[in-house]
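Multiple structures are listed underneath, in structure tokens.
Next, two complexes with subunit A in common: one pairs it with subunit B, the other with subunit C.
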Partner chain A sequence: MSWLRVRAMIRKEILQISRDPRSLAFLIFLPAFMLVLYGFVLNFDVKHLSLGVLDQDRSPESRALIERFAVTEYFDLVAAMDSPDEVNRLIDREKIKVGLVIPAAFSEKIADGRNSPVQVIIDGTDASSASTAMGYVAAILADHSLKINAAALARRGLRLTSLPVVSRTRVWFNPELRSARFLLPGLMAFILMTVLVTSTSFAVVREKERGTMEQILVSPLKPAEMITAKVIPYVFISLVSAHLILLAGYVLFGVGIRGSYPLLLLFVTVFLLDGLGQGVLISTVTRTQQVAFIMAVLSTLLPTFILSGFVFPIREMPRLIQAITYLVPARYFLTGLRGVILKGSGFPILWPQLAFLAVFGFVVTAVSILRMKKEGAGESGKRGPR
Partner chain B sequence: MKEILALVRKEFIQFSRDPRLVFIILAAPIIQLVLLGYAAVLDVRNLPMAVCDLDRTRESRAYVEAMVNSGYFRISSHVGEMDLIDRLIDDGTAAMAVIIPRGFGDDVLGYRQASVEVIVDGSESQTATIGINAASAVSTRFSGQILRRILSERGGPGFEPVMIDPEIRVWYNPALKSRNFFVPGVLALVLMMMTMLVTAMAVVREKETGTMEQLMVSPIRPYQLLAGKIVPSTAVGLADAVLVLASARWLLWVPLKGSVPLLFLMILAFILTTLGLGLFISTISQNQQQAMFTSVFFILPMILLGGFVFPIANMPRFFQWLTYGIPIRYFFTIVRGIFLKGVGWAELQDETAALLVIGVVVFGLSLLRFRKKLG
Partner chain C sequence: MEKYSIEVKNLSKKFGSFTAIDGVSFGVKAGTIFGFLGANGAGKSTIIRMLCGLLEATSGTATVGGFDIRREPESVKRIIGYMSQKFSLYEDLTVLENIRFFGGVYGLDSKTIEERSGWILEMAGLNGQGKKLARSLALGWKQRLALGCALIHRPEIVFLDEPTGGVDPLSRRRFWELINSLSESGVTVFVTTHYLNEAEYCNDIRLIHAGRIVAGGSPGELKTGYILNPILEVSVDDPVQAMEVLKGEPWLLGVSLFGTRLHVGAADETESPAAISRALTGRGLSVNSIRKIRPSIEDVFIKKIEDESRPDKDTGRGR
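The block that comes next holds the complex of A and B.
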């Protein structure tokens, strides 16, 4: 590898990048901008579920129960209904997620000291919020029952103040379960991966499509040199944009780095190389920019979002899919980032992630170089007789 | 009309010269849908939990058993002392830990409030939230049983405890399988990506390869040129629509309650918007790389803000309004409605109208941009 040739090629790349300021601005600022935007907007909390009530009892007791639902932040009382059909209709139209039906004999049964069931209808479309909603309903009803019984016991001179068993929850690493803290590593992996792969996926194929590839092939530049030169400018650009993300996370969301910065830098750099390498690989196996573009977007956007463990926990996926997630570099990066940023874990715990990232980078780069060598040989072979 | 047909033929010839493109267009939606559809599960069934039972009584064991029986947790390890929990959570062996303090059983039997401590790894806040809710639901249920006992024992003769129990009925997805919710979403995403990506290159490629000038000096009018670009993309969109529907039905086995023709019509309304957006991107970009960046810029909010995993109702008001401009938002409601609820035309009118309006607007904008540029 000749450094002189690489340097000349790097200069050409930088020139080319700087001629398209829109794309450059996209590379540097968009990731941080996205993080800020989505960090503010997104969260997983299951709160303010829309609740509709059908009160067939219309008694002080039934109103007290409704009141208990309405005062929590989990439910927003949005509709008072008159008939069971209306419950039906409102759930169908997604106006309410949960319907509470208090039957006519509700207060009578309480007065008689009998169990007094209520009906709860839940829209199960979104399974995870539905099961959370079921938990809220059960907790509110248990608490309300306790209050009623406590009042009855008090009349007999006995005291009962709280539920017999409570669980005290402590959340580590992200105490308020603030979504921004959690989202930062995920979004960083997701956004960076997309930007990285898309930025180099045109690197080689554009030269092919525009016909400048032949010029490079006949020059003394070797495939490894060319790939190095194509990647290096982007490494620096993306290092800048990765730091902008970290800065934005720190300034706006107070997400500091618990672990060591050098380790983080190492993770970021290796991941950048992976992403850029995957882009180069796509670029070498395609012939037109259009195909490269589609492959770049398809291989990054949804896979990094769904298969990295960002939102969907990998341990709950079917075995075969779990095996496939090993091919997604964002998976290791994400674990590494969560480890360093949120947990403050060190090298002894995180080295396997780093090793996987390095192997991925090595393999994609090696394959790209091989592809280019073969193509170069093929091209000159084809051209030979002419 | 003749001009359009000629252009369409030219596009198809271009397609067929690129077998890789044809392969990607046909195979990618199936692969993506199956892979991602199987991966997109949010059911928490195996949350690894470390148990530290310092009490070791019948009551504490009953509590741990109630945790396991809830179906959310899997005991990953039993530890004898609390200090060991640190390491288990640090290296990810356990995502949560439950500590039952000494005296738990005595408290329960002695009618004093007993407490258990639950530690959750919050770095995975999605699972953490579900875990916390599940754990507190277990405590509630456990409390309920004990409360019943306490009340009937202590209330004295004639005292009957009152319990308001919910009779819960879950509609549409009674098994509460999250896959049934996410697969229609993945279907919408895959469809959006394919149709947008194919069109995003349509016009800009002619610009970059320099064939645009030739088209401009030809007697072809702008709308004819756009039509010539849009017909092949629509064909691709339709093919992909059929493929994703068939894969969802026969490879992922998601129950489809509603009508297939209606779903197909709705898909048409949806790809009107995505094709339009793709075309719009193509007209505002100078070269293919820019078109790609711009597409990513458009697609990201569709994935994150459209309501695929992050509920729109949780977003700040301002952003909730913004989401009204995101076509996939309506389409998520539509596909989920038709797949899971079997809703019909009557329930989906508003969403369809919104899709049509957005579709017409983006097409109009692309045409305007395109005219101006030509002029």
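The block that comes next holds the complex of A and C.
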């Protein structure tokens, strides 16, 4: 490695980047912008479900039950209906997600101490919201029944003091179970990977397209020197964009860093090197910027979204797919990031993730250097213009 | 014994089943201008690219500056300069930034680069325009700047692959003057071109056709050594029609169109003019003049390629 040569190449890269401010802005601000966008759109919290009520009983008891639903933030009472047909109609038109039907004999049966059924209709087209809604409904009804029983016992002069078994659940690391907390590290991995690989995949292929690659290949600049020089400026740029993501996550979604910042920085840097290495690798195996772009998107977008554990838990995937996830660097980054940001885990716990990331980076970089070497003495001119 | 800068023995290159270069051998004397002449696709660039280490040879050997191109490619890179038709400059960098970059890539320190950039600006006629973007330069200036960048490390040997392609005649002439002065300063220049008239600038020429060397020598040797029969220049009013007529005459050795005139290969110079005249006037074409001329490189080129394309070709490779 000759520092003089690498320095000349880095200077040239920086000059070229600075001559193209639009791409630079794209690289720095797009990740944070995407985070804002995805952060608000990708929301798995089920709240404010629209609720329609058909109250055929019209008693104080039925109104008390409706009230129980309406006061929670999980349901918004949007419609009071007059007939069962209307329930169907409103669900069909997606005006309501949940329909509650209280039959005429509701209060009478309660007064008699009998079971008093109510009908709950849930729109199951969105299965995950539907199952969450079912949970909410069951919990509210159970709680309400308890209250009714307690009141009935009180009337007989008895007091319901306590239930035999009470759960005292505490959710760690994300007490409010907000999906933003859970999603932020994944989003960060996803966005950084996509943007980085895409932009660096242009780095080498652009020189091939413009013919300058040939001029470099006849010079004493070595492939390793060239790749080092190509990656270094982008490392700094993407560190800036990674911090903008962290800042946006903190300001907009209140996700702070629980663990150590240096460890986080280490994770981010190694992950960036992986992404940049992958980009350069794509660059060395393609000939045109279009092909490079398509390869970059395909090799980052889907694997990072689906196979990293970002949205879908890896342990619930089929074995074969689970095996493939070991090849996705975002998987390790995600585990590391969730560890540092949400749990505050330290190096002793997270080092294997870091090691995997480093190995991935080493392999992609080595392969791209080998590819470049082959190109230098090899078949670059095969289909090139004469 | 003369010193050779480049020695090539039996070099071949195959792309799959296609033989691009078919066992060529030649030597380039130090400090000369060596020209490769041939049509597009004849294999000129392929040879240069192999010598510069951009392409791997399929078989054969070659040394550049005494270094084997297969075993010591890194040493070769240090002593050669390379410039292609594409003038591989960074269009989004300024003139000076381009010079500094290439200087840096060759490991020169900034003081040396500063010195030489003055010389390159001077040479390229770009004094005072160092801060202009390369993109904004006219082609002739781009070409000279590219040459300057290829020379920044003071190479012993310079490879110029179709360096004058697409450049206006005036810039082309200026460029050849530069090449001449390079050669005078002791640099070996290996240049390819498909402009036949540019061959006159070279000390030594090889004609290349379909991956093989078909003729070689100095411009003078080529003209006298290959065409032994006289060449007659025939000036007529309708050269196209006249060419058709003369091609039908079996005793002529070749007819080709040069601008508005015809070059005719004749068996002898005493009888033939009258015979040509008769043949043309007999078909109602008026002859303005017929005179013997010195054959040009183009005459040689056309003759050699016609010889090569003949099915019963008896000409050997090279000389």
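Assume the second predicted complex is superposed on the first by the 334 of 386 C-alpha atoms of A that agree within 3 Å, B and C clash if a C-alpha of one lies under 4 Å from a C-alpha of the other, contacts with A are read in each partner's own complex, and residues count from 1 in each chain.
The rule is short, and it goes like this: a residue touches a chain if its C-beta (ideal position, glycine included) is under 8 Å from a C-beta of that chain, and two chains touch if they have at least 3 such contacts.
What you are looking at is a predicted structure, and each value in this text was computed from that prediction instead of being measured.
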- Item | Clash or fit (per the criteria above) of subunit B with subunit C on subunit A | fit
- Message: By the touch definition at the top of the document, which applies to A:H48: first (subunit B), second (subunit C), both, or neither?
- Response: first
- Task: Considering only the touch criterion stated at the top, classify A:R19 as touching first (subunit B), second (subunit C), both, or neither.
- Result: second
- Item | First, second, both or neither for A:T288, with subunit B first and subunit C second | first
- With both structures placed on chain A, which of the two partners, subunit B or subunit C, ends up touching more residues of subunit A? B
- Pick one for A:S128: touches subunit B only (first), subunit C only (second), both, or neither. first
- Query: Now for A:T212: first (subunit B), second (subunit C), both, or neither, which partner does it touch?
  - Reply: second
- Task: Would you check which partner chain A:K95 touches, where first means subunit B only, second means subunit C only, and both and neither mean what they say?
- Result: neither
- Item | Partner chain in contact with A:L301 - subunit B first, subunit C second, else both or neither | first
- Message: To be precise, I mean the smallest distance between any C-alpha of subunit B and any C-alpha of subunit C in the superposed model; what is it in Å?
- Response: 12
- Contact residues common to both interfaces of subunit A (with subunit B and with subunit C): 20
- Item | Residues of subunit C touching subunit A in the complex | 15, 40-41, 45-46, 49, 52-56, 73-74, 77-78, 80, 82, 84, 86, 88-93, 97, 100-109, 149-150
- subunit A residues touching subunit C in their complex are 2, 4-5, 7-9, 11-12, 15-16, 19-20, 210-212, 214-221, 376-382, 386
- Query: subunit A touches which residues of subunit B in the complex?
  - Reply: 18, 20-21, 24, 28, 32, 35-36, 38-46, 48, 63, 89-92, 98, 108, 111, 113-130, 132-144, 146-147, 150-151, 154-156, 159-174, 176-178, 180-181, 186, 189-190, 193, 197-198, 200-201, 205, 208-209, 286-293, 295-297, 299-300, 303-305, 309-311, 313-316, 319, 333, 336-337, 340-341, 343, 347
- Task: Using the touch definition up top, name the residues of subunit A that touch subunit B in the complex.
- Result: 20, 22-23, 26, 30, 34, 38, 40-48, 50, 65, 91-94, 109-110, 113-132, 134-139, 141-142, 144-146, 148-149, 152-153, 156, 158, 160, 162-175, 177-179, 181-182, 185, 191, 194-195, 198, 201-202, 206, 209, 286-291, 293-298, 301-303, 305-307, 309, 311-313, 315-318, 320-321, 324-325, 335, 338, 342-343, 345, 349
